[in-house]
Amino acid sequence: MKRAILLISCPDQKGITASIANFIYKNNGNIVHADQHIDEQADTFFMRAEWDLTGFKVSPDDISKKFQPFAKKFRMKWNLYFSKQRPRVAVFVSRQLHCLQDILLRQRAGQLACDIPLIVSNHPAAKALAHDFGLHFFEFPITPANKRAQEKRELEVLRAAKINLVVLARYHQILTADFVRHYPNEIINIHHSFLPAFAGSNPYRQAYQKGVKIIGATSHYVTARLDEGPIIEQDTVRVSHRDSLEDLMRKGEDLEKIVLSRAVRWHLERKILAYNNKTVVFD
Amino acid sequence: MKRAILLISCPDQKGITASIANFIYKNNGNIVHADQHIDEQADTFFMRAEWDLTGFKVSPDDISKKFQPFAKKFRMKWNLYFSKQRPRVAVFVSRQLHCLQDILLRQRAGQLACDIPLIVSNHPAAKALAHDFGLHFFEFPITPANKRAQEKRELEVLRAAKINLVVLARYHQILTADFVRHYPNEIINIHHSFLPAFAGSNPYRQAYQKGVKIIGATSHYVTARLDEGPIIEQDTVRVSHRDSLEDLMRKGEDLEKIVLSRAVRWHLERKILAYNNKTVVFD
Amino acid sequence: MKRAILLISCPDQKGITASIANFIYKNNGNIVHADQHIDEQADTFFMRAEWDLTGFKVSPDDISKKFQPFAKKFRMKWNLYFSKQRPRVAVFVSRQLHCLQDILLRQRAGQLACDIPLIVSNHPAAKALAHDFGLHFFEFPITPANKRAQEKRELEVLRAAKINLVVLARYHQILTADFVRHYPNEIINIHHSFLPAFAGSNPYRQAYQKGVKIIGATSHYVTARLDEGPIIEQDTVRVSHRDSLEDLMRKGEDLEKIVLSRAVRWHLERKILAYNNKTVVFD
Amino acid sequence: MKRAILLISCPDQKGITASIANFIYKNNGNIVHADQHIDEQADTFFMRAEWDLTGFKVSPDDISKKFQPFAKKFRMKWNLYFSKQRPRVAVFVSRQLHCLQDILLRQRAGQLACDIPLIVSNHPAAKALAHDFGLHFFEFPITPANKRAQEKRELEVLRAAKINLVVLARYHQILTADFVRHYPNEIINIHHSFLPAFAGSNPYRQAYQKGVKIIGATSHYVTARLDEGPIIEQDTVRVSHRDSLEDLMRKGEDLEKIVLSRAVRWHLERKILAYNNKTVVFD
């Protein structure tokens, strides 16, 4: 079934829901999902509307133009998506491959509605896995000296492959603000801690030394500030004094895979709106 | 702030959202929450809309009449509520008082938007607690012989007190179908297991003997079929071989309190729609 | 490091711990883990003791003989294991491969201390996966008519490969009591529900129709009674009215993998004692 | 049943378990619980042993003396407790009373094996509650100028009442290092966040602004460093963009009560050993 999805945010006022619902209904669309949220503190309205395009009177190419007057009237930030557009995803990875593997298996199983044409890494570790899945593999070793040059080459690769979403699946390099600027709210990272606790490197070691009784994982959009972008999803698992550092890592891996894959799926399903360094995740 | 809430279900078709949003908008209402759901298997549309009545052009008394044509057109089952109507709740309890105590404390703390004028019990155990909170206490001991007569008296008490919701807070008597018929989807029970596992009596003992590694609690609307009404909320907690039957009971009590109070709060906030022996719980 | 592990159960009485600790200490062993449990209802004592064999005065081959008098005195059921013995595991699977895949990846990553020489299936679906991991693949299609004959052939395969543990990773055939008898507490199944709820077939469909708010998965030893063997591990995840049957299946898959792999790991680490159709799982 | 409990930590070496088990067995004690743990990084051995004193050949008053040689030999830090000694607990609270109320109800229900003779507060809010439960209430308003003087008076109250454990049940004053020194690992605090995230004041507000998807609560022993003492227990609950700051507080209250009461119960049951700013919590 072909569907269109609108993601909207704007200052709250009367009549927004009615206007959008009318726009869809009067053009013969059938809303299959609609959800809205008002942040009363920020006085901001958010909406996600998904409708069936079967019999819709406006052709997909014209929807944006026809919707523009409503958007202008309510001063909306908005995006229009179509279910037939399969986002193109690049996965960045370093030496630990469990998250990459998990994403590739889920994509193959039909759980992630996207194409994954390529893998980028600063290490050769993922080369065989990329090969197994028939994907292009780009190795860009990073040093402080070559970082900007390598990022430039990475950006060229992404551009050439028409990538819409970059997934950092345990990619242990900090992207420059310059790189991030090209993909605003289009880079998803998995951090192996319950942020904001244990930001930075070696979070499992930090957690082990602190003696916490629960560990977590956090997926978030990447911004210029390390590990501080809008949080998309978190989950936790119980640990005890019996768990060694290695146990924390092993338990954490399962969390990382689940938390990252949820975030990627929700992004692909256009369920996430980022604002004020937070997210609305429609369910 | 005065608000109105519509809870709606009807066969799915185009234009329902637009009609409702227009009805509210054209009468100068501001939607503060709106959520909808479509059960594709049952081809049924569900909606909860909450709007601010400040400046609303239709007086509360006339809203139902004005809305009736829309309801008829879409063959809606619907209910209209007003935030100023505080539901009146009766709590039924037997000898274990932790759930009753929890509800009374939450109500006093402002977490439950209702009045609780009275307690009903088949035992005297809750009498002192009712007294502490300044509530009427009705003791109706139940035997197989007097059950119907006692239920009749209970119903009179409920009617006289204009009760809208009956909460069974570990009430260890099975209500007759006759009693239940007076309060359709207006009796909430807490069952101390993860239903449908361990229905009936002594669920903790059943769980202990079975050796489960997780126990649960379930709140549900009461129907004529014991422990089989629409589930509103469930939660679970981990147990191990180290936990005795008493430990299961102690851990379970905390679950029961939380699971029951969530169900009661959601009911009072008009967030629950029951259909096909299941529930939609809008969040 | 070479280690020995004793798993013991016996009627509770004074001096058991002292006897075992003395046996290890006087022969120059260093206990690295020791845990005990008393089931007061069953009046039964359970113990797991793990010690370093470096410098141990009794050779591994003689430990059983030397320990025998203590075992006899306290009427112990007991088993002695050595860390250098890597259990040999056969995985049985039908058409859904996520649990098999998960186990193979964990084994390769060093999370499961075992060898997995072969896969058995009643379908050809896992053939390619077995090939990718370099494993023998045995396809035994099952019909009511050929079941006993096929099981006989399966048992021969297992015997020839010196299999110590059979893992049913979504194997959708019911093993006969005859088959099960050959591997007492040595067959681990994953059932895709929170047992005892939704035993039997199609548990996700049952859960969907019931409208539960939480789903689960259960790993257990297989006995002659379907889905009723001693539970090893369970876990749960929250669902809502928004989740379709397919969503339940997808969420459930992640649970199944984690719950099954925990059970297999604990079994391989000799942490599980089954008794009275329950388990003690030492941590 | 009268029981003795030994809590021990010492450098790891051979024979510790055997020595302790022998000491108990040879004096005709029956071990009812025994658990041990080795922190391999710290090369430290921990043990908790609980035995029945019925028929024990050494009188309670002499056990310490008789055990001393073993303690010396293995350079143990150790404590001996008796089940007949009911610890005496003082609860400190400020204006929010839910944790205090929860503790008092649990104590009354027999879930906490202690006496609670008195409440201390810097506010009058808890006065009525103390009265309801028949407890002494001491109000010590705190200002920067009078803090040391007031703490001195508090210490006198605690000393006079022979208090063994201080529970900070949302007490919003920072105790001085001087005060803390009098009750090493004998002051338990509840912090309303998932530490180390959101230490300090207004953790719910911090969590709300950060947009986390899970909130937590942490109970810990109080040391001179604010919110940095050894963590005893943590738990978490899921939140979403729909949750207002008030919702976070309400959800958090339930967590706080459960997490604090677990820590207090485990402390009273002598299940906690603190070392290296972490805890071993035997189960």
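By written order: A, B, C and D. Residues from 1 in each chain.
One rule holds in what follows: a residue touches a chain if its C-beta (ideal position, glycine included) is under 8 Å from a C-beta of that chain, and two chains touch if they have at least 3 such contacts.
All values reported here derive from a predicted model rather than from experimental measurement.
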item: B-C or C-D - the one linked by more C-beta pairs in contact; value: B-C
item: Chain separated most widely from subunit C, comparing mean CA positions; value: B
item: Residue-number overlap at the subunit A/subunit D interface, same or different (half cut); value: same
item: Between subunit C and subunit D, centroid-to-centroid distance (C-alpha), Å; value: 37
item: Whole-Å gap between the CA centroids of subunit B and subunit C; value: 42
item: Multi-chain contact sites of subunit A, meaning residues that touch two or more partners; value: 240, 242, 283
item: In the complex, subunit C residues that touch subunit B; value: 37, 39-40, 194-198, 210-214, 216, 230-236, 240-242, 244, 276-281
item: Sites on subunit C touched by subunit A in the complex; value: 98, 101, 105, 109, 111, 132, 240, 242, 250, 254, 258, 283
item: Residues of subunit A defined as touching subunit B within the complex; value: 13-15, 17-18, 21-22, 24-26, 28-36, 38, 238
